[in-house]
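Multiple structures follow.
Shared chain: chain A. Partners: chain B in the first complex, chain C in the second.
Moving on to the complex of A and B:
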């Protein structure tokens, strides 16, 4: 079983295109997950140190993330570089956003909250990312039903990574193996979700 | 053309958006829907007995349903060929379901309209899941918009309710394909905003704040 303080599957790579920011999670932590124009990936606390606005509501220009509220702009090291209301001011380097570790492998983006140097779980080669779906069921309940392999392998070429959101909600990040047609796999994933949401929580 | 308009209504916004995207001018008449309920005055009920907004007047033509107004304004945005046109119709019906669920949740939560918020949210969430599946299918086909190669009135009809769903307590965070689609709509040339739906700031250059204050 993976240590829940370490790597959490947060999104599929295909769902975070260059020059965008999205809301994500790392266990209990709310994350602004963003990709710069040149593709650099960053995972920060989803909170602007200025007024607490979610940075995931912000926008990416080039290699910087800007807050939607007052435009405070942060570089790739999460240091504030521009305060538009004080254009002549060089912001103090103490204005920073807490950072999380982020890694991308096999079409999956992983986030870790601890400062160590562990690598995210290794997965078999040849898996193709399909889609991520939210499920109203605890991660523990899903893992009990699916097994604890990473990813859990189901019949029909469907593989899933379980991400915990809270006590009652999870996300399944699905991948496929073999020659299964994506739209058919997508419907299998939907029926799997219907089954899990119908069954009483463990 | 005159649009009898309420700025916070998703159904009025879809008409303003369609007109902006297709380069047509509208004369806006702001109706005091809240709190005065002016749309239910004798004058407005004479114009539109349904008592709803938007209402579009174009010469003798008076239209009081947003889907019909989109069809009137959206020449070239109706889908190509019979099959696409039929699919567009399906999404116009879907937009009505969004209106009756996510839109209703917003009206209950934001305006204090009576009704069950949890029931409306439950229906809205089911609609968002349905839309996410359809848009995920479209991505697998290499498509971006709901029907065909380019945007249609199907996208314009559904977009406002989806973007405003968080006003009714429905999160959009779990729907990656919906997020990418809403970005594609907001990136269309001529896109206009409404309160609660902002443009993509990254598409415009960094404003030079160093210029002198005027």
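Moving on to the complex of A and C:
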């Protein structure tokens, strides 16, 4: 069982511009992560309650997220406000999408299912988001290989967060510190990824 | 569902050399004999029943107790017949049929072709199970369409009727743009490959004397490719037959009737019965 109070790094802030939705994960849960036009951030179950379509394929207009299948529109509280097939109907307030907690700090978006009063892990000052890369290796294997507490600060000015996807896949969210050129940092991250994928799993 | 007829190939592609396909998790070989007889058999050599109809070869892993459903319009000589080939979709065969019965998605999935905002309303229509024929029908369906067919120019309110004569086949009737008093016929014949994969064989019988065949096929293929982006992203993959997991509205009356009909017959290949 995954600890529901745990915060999972889900994306870098820069990869979710206003008025977009992307697929994300919170441990085993598939998430539709979206930002409204004014910048409000939400993390919901990636499933429209109408016909089960992934909401991460949907579209954002103003402060609402719409499902791409039939255009059902949900407000910031995940309550259905519009069913286009029945424009005159006020949708029953029972039509809602399960919500997750989401937090944004230091250029990283974190998601948790039930974190209580806990806050996402503190990040060092002065880090700049670089990019996120998928890695074909378990999160446990990556943590072993990194040999540090996560977030791991590496030599060469790289700092990485490990996101668990499943038994064989993870995502590294990378930030940089110091005066490393983004291009050089990206190259270092790429060779790190290759090394992690080559090394036998612990 | 083992005893139903299923499409497994286009007749135009059937040759002397056997071609292997998958029907309900099991391999099936299809070919045409030297004397012209269409054949289907398991790799072990067990012969399966066959029917040639609507430009496709139909077979069954079981023993069908009645002939393949009739499409009377297939005998009208002035129609254009357009078998559209195979569209592979990683979805339940039942979800593919249900999507075919749905009009409310037109403005969002087939934008500016079969529908467009703000014309999203689905007016009340009639959905029923016709006990005599044991088929699901929806009638008096209407929808505003910017380009209802390849032959259409400009927006029209299109009339529709839908028919489900078999668990993985559906036939729709819609206003023919060149002949507003007649119905064009568009069908999908779905080959259940596994419970979560299917091959969709669209087939049309149209009143359209001018559009080249390739353009008609391309138009229909484009529509199905748009549908595929939905069908491969529904959760769960299996069609839920019990209420609770999904939230239908009045626009979904055809889908509600279809699910009830499936459940009443025990047509559950590609379905899930327990609300998760």
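We take it that the second predicted complex is superposed on the first by the 194 of 202 C-alpha atoms of A that agree within 3 Å, B and C clash if a C-alpha of one lies under 4 Å from a C-alpha of the other, contacts with A are read in each partner's own complex, and residues count from 1 in each chain.
We adopt the following convention: a contact is a pair of C-beta atoms (placed from the backbone, for glycine too) under 8 Å apart; a residue touches a chain by one contact, two chains touch by 3 or more.
The model shown is predicted, which means the values in this text are computed figures rather than measured ones.
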item	value
A:95 touches, of chain B and chain C: first, second, both or neither?	second
First, second, both or neither for A:11, with chain B first and chain C second	first
Partner chain in contact with A:53 - chain B first, chain C second, else both or neither	second
Contacts of A:103 with chain B and chain C, given as first, second, both or neither	neither
Partner chain in contact with A:69 - chain B first, chain C second, else both or neither	second
First, second, both or neither for A:154, with chain B first and chain C second	neither
Touching both chain C and chain B, counted on chain A across the two superposed complexes	66, 68, 84-85, 87
Residue ranges of chain B in contact with chain A within the complex	132-133, 136-137, 140, 173-174, 176-177, 179-180, 183, 198, 200-202, 206-207, 209-210
Chain A to chain B touching residues, read off their complex	11-12, 15, 17, 19-20, 22-23, 59-61, 66, 68, 84-85, 87-88, 131-134, 171, 182-183, 186, 190
Residue numbers on chain A that touch chain C, as the complex places them	30, 46-47, 49-54, 57, 66-71, 83-87, 89, 95
Chain A-touching residues of chain C, taken from the complex the two chains share	102, 104-105, 107-109, 117-118, 120-122, 229-230, 233-236, 240, 245-251
